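In what follows, chain A forms one complex with chain B and a second complex with chain C.
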Partner chain A sequence: MNNIATQRIKREFKEVIKSEELAKCSIKVDLVGDSYTELKGEIAGPPDTPYEGGIFLLEIKVPETYPFNPPKVRFMTKIWHPNISSVTGAICLDILKDQWAAAMTLRTVLLSLQALMAAAEPDDPQDAVVAKQYKEYPEIFAKTASHWTNVYAGGIICS
Partner chain B sequence: MPKHCWVCFGTDDDDYENNRDWVSPCKCRGSTRWVHQSCVQRWVDEKLKENLSVKAHCPQCHTQYIIVYDEVNYLVRLLNKLDKTANQLCPFLAAGVVVSTLYWSAASYGAITMMQVMGEREAITMMENTDSYMLLLVLPSIPLSLILGKTINWEETLLLFVQRFTSQLPLLRTIMPSFLCEPVNSSTSTVQFNSVVNPTTTLCAALLLPTTATVVGNLLFNNSSYSYLQKTLLGGLVYIAVKGAFRIYQRQHNVIKERTRKVIDYPETDTEGNN
Partner chain C sequence: MIIFAGKELQDSELLEEYNLAEQTVLHAVKSRRRSFKRKSHVSTCIEEDEEFDDTKRAAVNFYVYCTSPCANITVGKIRVRCFICKSGAFTVDSDPKNWNDVLKSKRITGHCEISQCTDGEVGWSEFYFKCSEHVTKGENDEAVALNLIRNNLHDIQCLACTDVRSKVFVYPCDDGHVTCLECFCEYAVSRLRERRFIFDNNLGYTLPCPAGCPNSLINQPYHFKALSKDHFEMYERFATEEYVLKNGGVLCPQPNCGAGILVDICDKVTCINGCGYVFCKKCLQGYHIGECLPKEEQLIIDITSYSVDPKLVSQSKWDDASKVKIKVSTKPCPKCRTATERDGGCMHMVCTRCLFPWCWLCQTEWTRECMGSHWFS
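Up next is the complex of A and B:
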């Protein structure tokens, strides 16, 4: 991995650790192994959503061309959301694709994902089944999502 | 406020980066105002790799970067221009080479075929007496018409005709009993002439036809008083007729084979029988 990506991730790490979101248990980043190419993220489900109370784990892979290309992010915790695949955890979010800009950071990505969880975009879905339910039966959607949160994301208590 | 690079997140406090150039290339102020010259160059390269046609701009405020180059001398400018022109012209040139190669191959094939079919001396005399522009048009059309002729599926038509009339003519019925089979009109019939039309087979068969015709003509009518051209034409006709007859025969029997197809019971084994 080239120097610029590693340097950059190291600096971002410090930024997340110093950030106030960490203090509020809202987002967190951990290293996986010694290299800075693979990271583990954590997002708390935003309040007043079906995801409230859940802790969602993310797999973050930093490409060699970072920060010129976006990190590859995937939900490891199963989640019921129109823009996230209920099977693979793949995320449909513009800033993780063509709208990525080098000034964005791991912190802004995690915060954007948290915002996505609070405000889904059912017209640009990743999971068609979930999106259909979200639009046609919002109450059943909320129930399913909060059930998934309890079953898959509820066990971990933020320390 | 210390300078802070929005690409590598380095600041001008970092010791090892003391000598790097800083630039403020867009309208951004605050934390994304400054960037290293080398870092923003990498970003521009990355963007150009994705799409050459867009102008590099700031991803935050979308200001187009002002990129200047050192003035190059006249010779380099001229060479660059020549390169560009060559790159634009070459696709057309290459296409022209391919087309003219095909054309001249077709024309040569036509000339060789004429000599083969008519005999060398007659063919040369005839070509010399024909208008040269006419020749340039006629010669390449020889292989073309051979290939087009090959795509006509006359055997199919003839077979349908034979199938329809076999049952009505007693003589035919006795000599060709297998053609009593009704013409298969249903879509279940899949066996057809050239059911898989293979373009290379068509091409080879079409281009080899004159040679075959010459050989057959010479074999069959060697001692007769026909001219060279007549022998070849007769040979070609005989060859096409015989081959067509065989194909019709083959096709009819394949149709019958297809019709008599059935799935049979699985033979019971002893253990199953006992139980």
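Up next is the complex of A and C:
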């Protein structure tokens, strides 16, 4: 990886470690291997949502051209959410695509994802089945999402 | 009176005390005026533009592109002449305070000493730059101002690598975002490789601020001279190709040619200044009479025209592997046909060239239907 990307990721890594969100166990990043090309992210399910109490793992791949291109982010923990694929964990979020800007960071990405979990956008790009349920049967949606949280994202205690 | 760079030199000083460089252009005119001291009345300047910092004046460098003989980005020196008659025998009423004063016309008043010019009326100054790294070749030896490259007087950190470097690039957005010069090059090269420069009819082939600010296109393409020679050539080639394609032209399909040709309505195109190949505008194959054939059929005809071992033929194709790779790993944008690779994420594609939103599965425009039924798989 080129120097700019590595150097930038190193700084951002420190930024996350020092952040208040980390202190509150709400976001976290870890290195995968020695290089800074692949990282593991963690987001705590936001309070007052079906994701509360869950810890969601993210796969973060940093491209060679970072920060001029966005990191590739995917949910490794299965999640029931209208804007995230229930099968592959792929996220269709504008800031991870054409709305990315070089001034954004890993921290802002993780916080945006946390915000997306708290406020889904069912009228915009969506996983068909999940979105339909979200709009038409919100109670069943909440139950399913909460069930998935317990089964796939539960039981990890932030240290 | 003796004039140098818009200032009258005082009779009380010796020329050598002014510390002028070799071949400096001075203007000696017979003074025809003026017992009164002109009051400086600078045109209204409301913009809160960054002022040239007087306390650090010595450290202010202007960067320029010197086309000849340096062919490089160099430190420049600012000079002034009359806006009307372009004579250097011109004195300014005040110094320019910011880049707007320098780059925009009619901002700083002055007085032209040439008798036929606007004597008595308010004269306007016009600033220009010279390269300070070669001995001047005279008054017409100008260099292009690179106003976005500046010395980092305020120790601002680069938004990309977060280092504080001495030379920075200040993007023309409202916030004046800053990257170091290295990151500017890195940004430009990554956008160049992805062909994501923007072709603007007025400003040319350029880039916006990397922080995504609106109305922030770099307005002087010479800034891209900061790239390496190879990358700048790439920039020039892509810019030309984009211009040709935007204007309804085609690129010659012959290997190692690729010349841009602006075509009329006729389908038969001849690569006039290039390799001389004659081809069909629609299918980019050799020129033919009648309808274009689908690609596969052409291939069969080519092979069956005389008998050779098909196995040998398949092993002996120049660059066939790349073509196959491109063919299997890409799909054409349904609008502009640019071969597009999908390297992850969802099925919602946005063409990097024509910005058309399309569906990877349907290969048509992206719709709510696509969103609903196969957004992710």
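FYI, the second predicted complex is superposed on the first by the 158 of 159 C-alpha atoms of A that agree within 3 Å, B and C clash if a C-alpha of one lies under 4 Å from a C-alpha of the other, contacts with A are read in each partner's own complex, and residues count from 1 in each chain.
Rule of thumb we're sticking to: a contact is a pair of C-beta atoms (placed from the backbone, for glycine too) under 8 Å apart; a residue touches a chain by one contact, two chains touch by 3 or more.
If you're wondering where the values come from, they're calculated on a predicted model, not measured in any experiment.
Specify the outcome, clash or fit, for chain B and chain C once both structures are aligned onto chain A.
clash
Looking at A:Lys97 after the superposition, I want to know if it touches chain B, chain C, both of them or none. Which is it: first, second, both, neither?
second
With both complexes overlaid on chain A, does A:Leu31 touch chain B (first), chain C (second), both or neither?
A:Leu31 contacts neither chain B nor chain C.
Give one of first, second, both or neither to describe whether A:Thr88 is in contact with chain B, with chain C, with both, or with none.
Touch partner of A:Thr88: chain C, not chain B.
In the superposed arrangement, does A:Ile140 touch chain B (first), chain C (second), both or neither?
neither
Check the residue A:Arg8 against both partner chains and state whether it touches chain B (first), chain C (second), both, or neither.
A:Arg8 sits against chain B and chain C alike.
Identify which of chain B and chain C touches the larger number of residues of chain A.
Residues of chain A touched, chain B against chain C: more for C.
Mind sorting out which residues of chain A both chain B and chain C touch, each in its own complex?
Of chain A, residues 4, 7-8, 11, 65, 67-69, 100-103 contact chain B in one complex and chain C in the other.
Write out the stretch or stretches of chain A touching chain B in their complex.
4, 7-8, 11-12, 65, 67-69, 100-103, 105
What part of chain B is in contact with chain A in the complex they form?
Of all residues in chain B, those touching chain A are 6-10, 31-32, 39, 42-43, 46, 59-60.
Sort out for me which residues of chain C touch chain A in the complex.
159-163, 177, 179, 182-183, 186-187, 190-191, 194, 210-212, 344-346, 348, 350, 371-377
Please output the residues of chain A touching chain C within their complex, sorted ascending.
Per the stated touch rule, the residues are 2-4, 7-8, 11, 65, 67-69, 72, 74, 85, 87-88, 90-92, 96-103, 125-128, 131-132.
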